[in-house]
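Each of the two complexes below includes chain A, the first together with chain B, the second together with chain C.
Up next is the complex of A and B:
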């Protein structure tokens, strides 16, 4: 099988995937190998010593949330004694935005790829402001996480069960037609999710104030659907992973220190290089100097052809790319240069419903020097402050150069 | 006086951009000399000649951009460098808000509906890769680039033949397809004469002369100079012949090439004999066994003459400028004996080498007819010398002399100072892609050369042929007038110009004998007739993906041809290690 044939097989798997959001469950119940002393994080593997501010904060918050320590000093001591293990979410079929910290008792969305049977997981989105994913771990943050665990996730889970599951492929296709790119903008998709779940939520026999709180959570959070979208993308890309001879990228992820990619035909290997600092627009009071290097597993959306790859579909957020819808269109057109195929399920209205660019080929990236575009939120470099802006970043070319070198080494 | 150098590693710019920036920087106040070039060996040599090869510049690699400025003060030099950088960035600025410029052939082909041809003019070592991408995208290829290996050429042409598309080139300077001039091409009347040519300026000379003789051109298909050698076996020429035979607009076919490999020639002639249309063959310097419906021409002018006669039923009459070789020779000083030809057109140069021998004896060259007549260095003439300034040693990392006349003007001045030089022979090639006003630049150099010779007590005839038409953007008549005004003697064809220069040399005492033509074997039947349906669609209406020199895209747009220009950069940023790895992955 030639590389091109292998890549066609890999991207065919992406195109044929049918991710369905089927429910919620505590991480330890559904993620094989998950345990109380294991903390999953975004991006490629990393040690405590090399973690950036927001990831460290989120890790401490995770330790506190699991009740392994009484305060942050104790939590840090525990971590420094090596009594907590770290692993990338990606090693456990999971993805997490920003710090991506996922612990055993946290609830996760379960997405099932009905075409291939594989599953993928992602935590519930916490909303805005001080949140764990940006490294905050104060009492109110932990309180919010406990509410998500004790009230929100079970109710959403029941509604999902009643609904028979949300067809995420369909939902993503609709949100792309409604001005979302699925990464930085999820306003339409979150509204769709709330609309689809509301009738089922009403029949979950939930106390009315809890039900009201869950509906308010969905109504107030434009990012509510981000985590299910990410898990859907993960389920699609896992279906494309492990095809011998394929040079298609199946994962791009950042831990706040390194950017890492994985390639379908190169097994479990990560190819990493120092993460860049995103350039973008900042909330009042913050500047570029406050920005942490690139962080989060949300680049799984770009890997699957959404996010910056579908930028042309999202004119509302063109400020990130220079201000005009024309530039948004150019962003997407550029990504066709480095991808294997187009996903007809996700038609972009602005491009006459041309499918999103899908299946990044490491050969094309190295040949053209065009690295994938990534839309991203920007974390403050100190833990606990939260999101300071949003903007654009690209992975270092070195990740792709290493990957083609490694690939060449597999050939006779 | 101060010299400043700036090195930009792995920064690729096309040579037109660099030439324009270099010109602008030279004109800045306080700047004495400036070089803005890619760091190839040839360019470093030029920097050395200009006194600009600083130690830093000499470390540059072929993929590095070198900027060197010599100015009256350090401030002026530094300012000029800053200005040069600004100019380069301006020229590269993306079209903000404009249409998307595709980065690869594949995406360009997707953006231009019905695209059927890639016109490739990127540096040679990247050209085969781009051509391969174009074939994968289902396009015909015109490969203007030179310095492409013969192995790559064969592989490309075999792949193309299987897919029923043509690879015209490498080193294909000229095509006229469906009325559109590609690369270096003259603007000629549309008519019934179709050309298949293994040479760029050969096609230009014949097409221009056909136009000036009252005929017109249906198609001109360039094959690249090596197509008819024994390794490539005329793959493109056979496709071109079959296509012209089937093209309803073509009534007479002209085949032009330097002498082919004998077995390939016999195959091509076999194919020619099978055609029902009359064919004029000019294998410059080879004798072709005559046969029914096949007409043999001795010079490019002769080929055009016969083609016009066959196509219109009327022999053309070229305008003649009166020439008095003996009178010119009578004004020469006793030291003046030799012809020095400085050519921009490769085939025109080749024809000059052949014809000049008859009058003047051995002619030395960087592209000699016989290895014994090879120059030790292309930079130093001896005896009768005719130089092809478009050959690799002058063009690696630098513009072709049809676009950039600087080197030829410099050389002209040097030859004029040589007391042994009796006559200078030049070609001027007009048309799309060529310099916008070559006569003006040459005229200044000719005038000055003649004045210097005169000051040294010598009369210096300068004989020029202009390959072009009244419809060319530069205007043939105006170019001729400018040259005559500068004191040049302008002839109607290259053959006539060479003859005049030869007769002057003969009158000054040289003796020559006709070049013995190469004998070609009898025609043999070619194996198969190539598939032409896709080629005929191309000939009907080319829709072009341009990769490389922007001026080719601009000239096509000016001709009303649909073009999509690729915003091309060297693969893997020019990093050889990754180019090799990608080759391995794509093998």
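Up next is the complex of A and C:
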């Protein structure tokens, strides 16, 4: 099999994938190997010593949330004694936005890829402002996480079960026709999710207060669908992983210090380089100086042909991440240069329903020097603060150069 | 005051309008002059003898729904004896899609223009397929109307009351950024409406079966928000009506036989000409030969700068009405040629957030020969059948020529 054939097989798996959001469950119940002293995080592997501020903040919050410590000083001491293990979400078929911290008792969405049988997981979106994923861990942040665990996830889970599962491929296809790129803009997708689930929520909720609270959660959060979209992209890209001879990128992820990628034909290896600092628009009171380097597993959306790759479909996003509607179109057009195929299921109306650019080829990236574009949220570089803006970034070319070298070494 | 000044005043009223969906009520309770033997219809005034098939079908359905006859033959006899009065919805501050038939006991949405205090009304959307507004009147159609009256409208009304009113100006602004043009495509707006109302529905519904049924109604109908959008446009355009010396069109409407317009500075006069037959895409089993001439008050959306005027914002609509995404952009660009101003509240992302073309000037239409563009549903020309497709149409130039002549006659 030639490299091109292997890449066609890999991207065909992406196109054939049928991710369905089937339910919610505590992470430890569905993620094999999950335990109380294991904290999953976004991006490639990293030690506590090298973690950036927002990831450290989220880790401390995770320790407190699991009841392993009474305050942040105790939590930090516990971590420094080595009593907490760290691993990338990606090693456990999971993805998490920004810090991506996922602990044993946190509820996760379960996405099933009905074409291939593999599953993927992602936490529930916490909403805006001071939230764990941006490194905040105050009492109100933890209180919100407990409500997600005790009320929101079980209520959503029952509704999802009754619905027979939410067809995420169809939902993503619709949102791409409604001005979302599926990463930083998920307004239409979140509204569709709320509308689709509402009747099932009404049929399965036994407490009307909880029902109203969950419907309010869905009504107030334009990112509610981001986490299911991410898990769907993870399920799609896992189906494309492990094809011998393929140079297609199946994962791009950042831990706030390093940017890392994995490649279909290169097994479990990560190819990493220092993460760049995103450039974008900042909330009042914050500036570029407050920005942490790039962080989060949400680049799984770009990896699967969404996010900045689908930006032509989402011209209104420039009000949030900066740039112009022309830049949005150019972003997508440029990404066709470094990808293997187009996903006809995700047709972009503005480009005459051309499918989103899909399947980044490390060879094309290195040959053209065009690195993937990424839309992203921006975290404050200190722990405990939260989101300060949103913007645009690219991974370091070095990740792709290393991958090409490693690939070359596998050739006879 | 010059004509241009008068037109600026008229369009300023449109831009300053703040339509808010405040509730639902039986038509006879809120529409002054409504009574059991009065049937409101879309478009300019028309007699039974000149009504087209779908309007006749809807009238018969309205008579049956009000319990004035036991079957369609009795209903027709009643009408032919002159025991039913007809009047345009527009004469009663109301608008109705397609046939637009509105009777005394039908529930209507109440939209309040909070900038000027005027109100406007529109029936609840029935959904797709065999529905009264397309001229169907079988038992299941009437059954559905009774459910809208007895369950859906009261449940929605209570939720709207609790919400403090749905800000329709804001909702329309959002949907225009989400691929809707507010006339034939209302998918995003309907999802937003469902999502915004769901928590209030959960707080106010006392019967969980009814709650689930209403949430299902909102989940299944991508046109649910069309009728509130139409009433909002009516409230906006009524605020612009009656300004002496203004040549701005404040109403365009069709009854299936005639197309009619009204002009701000020309009082209650209608300027009419035979309606064109829309050209478009047809459902399986139907062709252009089945199409009725243009029908409905939904052109109030174009009159207010939405629909075909905002088509650049809705490239995905071409899959439904025909044409290409390029045509969608051209439609909007062309409409700037015949309008007075742009509505900054309705920014089109694809055109760098330029406001939708607003305030059709009869002088510009006649001078350029460019008639307004209209997106529309297409009814079968025979009564009792329903929708057969969707497409594009324009009003006859003669309406505007007559209006210009009438205006000239008012000048000293």
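Throughout what follows, the second predicted complex is superposed on the first by the 406 of 412 C-alpha atoms of A that agree within 3 Å, B and C clash if a C-alpha of one lies under 4 Å from a C-alpha of the other, contacts with A are read in each partner's own complex, and residues count from 1 in each chain.
Here, a contact is a pair of C-beta atoms (placed from the backbone, for glycine too) under 8 Å apart; a residue touches a chain by one contact, two chains touch by 3 or more.
On a predicted model such as this, the values are computed, not experimentally measured, just so you know.
Of the two partner chains, chain C is the only one that A:215 touches; chain B does not reach it. Of the two partner chains, chain B is the only one touched by A:369; chain C is not. Of the two partner chains placed around the shared chain by superposition, neither chain B nor chain C is touched by A:76.
Legend: residue contacts after superposition of the two complexes on their common chain; A:12 is shown touching neither chain B nor chain C.
In the superposition on chain A, contact of A:138 is made with neither chain B nor chain C.
When chain B and chain C are set side by side, the one touching more residues of chain A is C. Of the two partner chains placed around the shared chain by superposition, chain B is the only one that A:330 touches, whereas chain C remains out of contact.
In the superposition on chain A, A:401 makes contact with chain B only, not with chain C. Shared-chain residue A:170: touches no atom of chain B or chain C. For the contact definition in use here, the residues of chain A common to its chain B contact set and its chain C contact set are 324.
Touching chain A in their complex are the following residues of chain C: 174, 177-180, 187-188, 190-192, 194-196, 198-199, 201-203, 208, 211-212, 215-216, 218-219, 315-316, 318, 324-325, 349-350, 352-353. Of all residues in chain A, those touching chain B in their complex are 3, 247, 322, 324, 326-327, 329-330, 333-334, 336-337, 363-364, 366-370, 401, 404-405, 407-408, 411. Residues 96-98, 100, 102-104, 106-107, 110, 569, 571-573, 578, 581-582, 584-586 of chain B are the ones that touch chain A when the two sit in their complex.
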